[in-house]
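The same chain A turns up in both complexes below, where it pairs with chain B and then with chain C.
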Partner chain A sequence: MNTTSNLQHHLRMQARFIESQWLNLLRTPAYTLPTLLFPIMFYSFFGLLLIPGQAQFLLCTFATFGCIGASLFAFGVGIATERAQGWLTLLRATPAPVSAVLAGKGFGAALFTAIVTLVMAMLAAQFGGVRMTTVQWSGLLLVMIAGSVPFAALGIGMGMSLSPNAAPAVLNLIYLPLGFMSGLWIPAHQLPGFMQAMANWLPPYHVAELALHVTGTKTGTPLLSLGILLTYTVLFIGFAAWAWRRADQHT
Partner chain B sequence: MKNLLSIAALLLLLLAALLWLPQPEPLLPEAQQPGPDMAHTSDEGPVTLISNVRLFDGERWHAATSILLRDGLVHSIGPDLAAPAQAVLVDGSGKTALPGLIDAHVHSFGTAQEDALRFGITTMLDMFRPPQDFPRTHAERASLQASDRADLYSAGYLATAAGGHGTQYGIAVPTLAGADEADAWVAARQTEGSDWIKIVIEPGWGQQRLPTLDAGVVGALIRAAHDRDLLAVAHVSTYADAMMAIEAGIDGLVHLFADRRIDDGFIAAARAADIFVVPTMPVLAGIYGHNDTDWMLTHPVLGPRLPAGQRNNLDMRFPLADDADTAWSNVGANLIALHTAGIPILAGSDAPNPATTYGASLHHALRLLVAAGLPAADALRAASSVPAREFGLAGRGCLKPGCRADLLLVAGDPLTDIAATAMIDAVWKNGHQLSFAMPAMQPDTTSSAAVSGEQDLLADPSRWMAAADDYMGGASSAAISWSQTDDASSLQVSGQLEPGHVFPYAGAMWFASTIPMQPENFSTRTHLVLQIEGAAGDYQALLFSGASQASQPQQVPIKVGELNRIELDAINGLELNRLRAIGVFASGAAREVDFRIVQARLE
Partner chain C sequence: MSSDTVVKVENLSHQYGAGAGTFAALDAVDVQLEAGQVTALLGPNGAGKTTLIKLLLGLLPLQQGNISVLGCAPGSDRARQRTGVMLQASGVQDNLTVLELLRLFAVLYRHSQDIVALLQRLDLAALAEKRFQTLSGGQQQRVLLAIALCGDPQLLILDEPSTGMDPAARRSFWQVLRECRDQGRAILLCTHYMDEAEQLADNVLVMEQGRVLMHASAAAIRQRVPSQLIKLSTSLGDEHINRLQGVQSVMAVNGRMHIYCHRAENVLRELLAADPGASELEVGGADLETAFLALTKKPDNHLEQAA
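Up next is the complex of A and B:
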């Protein structure tokens, strides 16, 4: 098999997995709809109703909340379930490359992120009076999609380590406090001092920081946030690779 | 293949959503349509000749002269100027023309710029606000187009320690931990568009201790500002901190301290450092118990220009400081000591702090300066040429050829009676006369109110929600519960008011639509009827309306234990055709909140 057809094979496989992920999402509305609506509902309540005048700031933090959830759960719960069903093992026996499996999941998470971010953005524009340039709106979307990469890696690691029953509970136990402590619900600068100090070390806080910068809500340079996020990304990818290899050895 | 097509369709839909998202308004407001009394001679705007007028040019007085406004600028001044064809002629007999006034200490939020201009304040020097809309404010002040907003210069974020004064307002202020951060901090402010640097030196008041910047950081900030050709001004509230700032090289103090009297040593230091001082008399009067602000509410000119939100601000009070009388007499003595020594004095209000509001409070400041012993001419200089000189604002605070055509015409002569500054007859911004519509004073229609349109707000509990400032970063909290009697239900609100937020509140919100904060048309209603039972204290109704959900709500004080019939037409700025929500809140001093809404109707 020469490299060109090998590449074609890979791309075709990835397209097939993206398609099947699409079908998966369409056919499981009980999973799809709540995952999409939960952060949007949260933003409507907190960002638009209860805290008037901060729609733009909270758009950045709640969009972060939504995109992190989308990738953590798509990868974490999805992989834990498929692993337990033996689906992943079965796949290993087929010519399907691992990259295609991940591309399918990645597509699903990115799609969720885009939908959540854009619906929130439309609500913010309609009911919160938020006005930004197209470059800033697009920047927000790109930060959300790129910012979900470390959480996708974390999700893979968790999915390979947890049983399908434990995965949703454990992920929620990480997701919700992490979101709160990173100032995604209540801006970090309004949290008590010791929590602010903690927020500075948490990755969601820095995704939100990047979003705040790209939308012009905050000024200054986001280099520190970028550096911390890259560090976390490397760590989480390492964790995912370790968990994957460990699970491989057990099967 | 079908699946790939539907994926592509969804992606296209998302792209369409992205492109639908609205853009910011254009930087400059559209030129206003000239009023019927405004002749239009060129594209540059109206030409106006005010004749037979007494005129203060920012420094000197001119008896019976005339002034020609053209192209947004003062064209010429002289006793017998010929009227160009098509010029609008204004008879200035018995009146005085003053340069558009400068308020040298505000915090500009919400409708500050519109509010200030109604009172003839055409330029405001802001001493702390977030910098996000600086591109707009900078473009506005560079323009000579018609505008209904005062121009704004600003320090942007203030320099303070983590947790220090200035961080309590729910605004993410970049703080400083050490002198080594000063240069980068100042550079960041300059990049954001700050016009000068404001440094907070505030160790706390009363029993409250606050982290504050030390002399090392203050000195480093001042040096960094001066390296970048920026002024550095300081918030200080004590003699010792003022001395520290002066020794560190400060250019100006934006409050006057009251903890002790100024002595010769201070005067010598202040003179050597060539500083200026903004005494912010209205806010100090509020803190030290000399807070008569009611005269503005009932003033024939100021009163009608004050919408409910501004009135509420004037009605708010700081907790009374310890030893207020001594402190207030120190303020007066210190002001005169500085003035006598030739230290430049700048008028400033510190609006929107309690007991102050944009615009009107600068007229209050002028009265307080004169009451403390400043000659009226110097008080007027303090609100015009002196701030323009100290802050380097060319063409402002003056009425001379080439200056901006920013001016106000007042009845009487402020040189003999400073109260005349508030007798505003007309305001021009960039040569365009501001059209100010007096809110209609309508007769009481209580007896003829239409019953057909009545709506009991308490009928639908799902429209109500508890609300308090804890969502805005404050410490107050609220919870609601319902009690049902035979024929009516009432809403019980319990909670706690705590200091922390700028405007502490705890209460309940009613939403106009089943979708919260969605606007609904209530234009047929004329009255809001509210009755609450509970402990005495401050209570407010907040009415949210307008095109944007982020619009400032209108505030109406409500009395506990009696029926409040609030006339909706009389609330300036309320847009009944786009009513979003009505909040009923306990506000003000820290206390336990426990009240019952027994009647809430729109009639």
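Up next is the complex of A and C:
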């Protein structure tokens, strides 16, 4: 089979996996409802009602909260469940490439991230008085999608390490405190000093920093945030690869 | 390896764990699967059947021995392209419909079967738009079989495929397997249903404790193991009964002795002479299940190949 038809075959596989993963996520209310509703509800509550004058700032932080949840749970809980069901073993026995499986999941999570971000953006514009340029709105969306990558890797590692019963609880124990301590719910500069210092080391804080800079909410060049996020991405990918290999050996 | 040989396994061994906790799941196993034949894989729990299947599929790393699947290494893309699988714990994303699942799997193979025809053949056409989770156990097994067949495989590996099927569905399923065999596919069928092995198998591979006890036709196995079974209540112990001429093995089952032998009349004569009060007597032919039980209970098991 020549290179062109190999590529076409791979693209067809990829498209089917994206379709099936999207349908699977869409039809899983335990994923769909919290992933879509919680960040939007929290933003409405904190960003539009409780904390005045911070609608644009909190749009960036709560969109970050939403994108992390979409990836962490799509991969973390999804993979833990599918591993226990035997779905991953069945796929390994077929010609399905791992990349197609993961990319399908990633695309589904990215779509949910985009939906959450767009709904929040509409609420921000309509009720929060947020005004940004098209480039800034687009930049926010791109940062959210790109910023979900390290958490997708973390989710893979956790999903390959946890049982399907433990995964939701453990991931919530990571997700919720991490979100709060990273200044995603209440702006970091309003947190106690020691928590502000801690936030500087946490990856969600830096995703939010990128979003704040891209939307013009903060000025300057967030090179430090980019560097820290890249480091976490490499670490989490390493963790995911290790967990995957370890699970493979215990098939 | 002949052109009809689809799988060749030589001197295959596999261990789990390390050091003092090492467990030998397979021990010097030799197996050959031919095109157009159904091989039933039988064995008690822990015999090594699942480990063998995983090694054939490339799901476990090869530690010792050689495996060739369709002339390739197990787990290679070429082997996977021509192998269809139905695993015991084949979980699928159960909120996908039957059609969505088959479309997903069909796209993985460069030569896939027509999905519509496959749905018709397996009596799934009316269920195409139903989500997998809404199907009965037997219907789900048929969908899993359809998934295994959608790549038009040369080798089918089926692990307990008819679990959950009612008798009518199982017979229909057997017919599909016979058609697959007649189409020249090699089938490895791991089953606990002896009637299934009896009905379908051209060859039977009996395993215990990681070793192959026997790999022969079903008829050859029945010839080589006790063909008759005597059941009775007796005051004689199993040690005494084992010493009688013609007795192959004895088991106590629910207060009665089950005695496997070749010539029941000779054994009965000696039994009744030793215990005139023996009662609840039954004498019957040993089917494959009885032969299997006798093989796996035999104290001096050894490797045998069909003549």
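Assume the second predicted complex is superposed on the first by the 248 of 251 C-alpha atoms of A that agree within 3 Å, B and C clash if a C-alpha of one lies under 4 Å from a C-alpha of the other, contacts with A are read in each partner's own complex, and residues count from 1 in each chain.
Following the convention adopted for this analysis, a residue touches a chain if its C-beta (ideal position, glycine included) is under 8 Å from a C-beta of that chain, and two chains touch if they have at least 3 such contacts.
Since the model is a prediction, treat every value here as computed from it, not as a measurement.
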First, second, both or neither for A:13, with chain B first and chain C second: second
First (chain B), second (chain C), both or neither touched by A:89: second
First (chain B), second (chain C), both or neither touched by A:172: neither
Partner with the higher number of touched chain A residues, chain C or chain B: B
Chain B versus chain C as contact partner of A:129, first or second or both or neither: first
First, second, both or neither for A:163, with chain B first and chain C second: neither
Partner chain in contact with A:22 - chain B first, chain C second, else both or neither: first
Chain B versus chain C as contact partner of A:231, first or second or both or neither: neither
Overlap of chain C and chain B interfaces on chain A (superposed complexes): 19, 23
Of all residues in chain B, those that touch chain A in their complex: 3-4, 6-7, 10, 14, 17-25, 131-132, 162-163, 167, 170, 172-174, 188, 191-192, 465, 467, 471-473, 516-518, 544, 547-551, 553
Chain A residues touching chain B - in the complex, by the definition given at the top: 15, 18-19, 22-23, 44, 46, 48-55, 111, 114-115, 118-119, 121-122, 125, 127-129, 131-134, 137-138, 141, 186-187, 189-190, 193, 216-220
Residue ranges of chain C touching chain A (in the complex, touch as defined): 54, 57-61, 77, 80-81, 83, 85, 87, 89-96, 100-101, 103-105, 107-110, 131, 147, 151
List of chain A residues in touch with chain C within their complex: 1, 9, 12-13, 16-17, 19-20, 23-24, 27-28, 82, 84-87, 89-90, 92-96, 249, 251
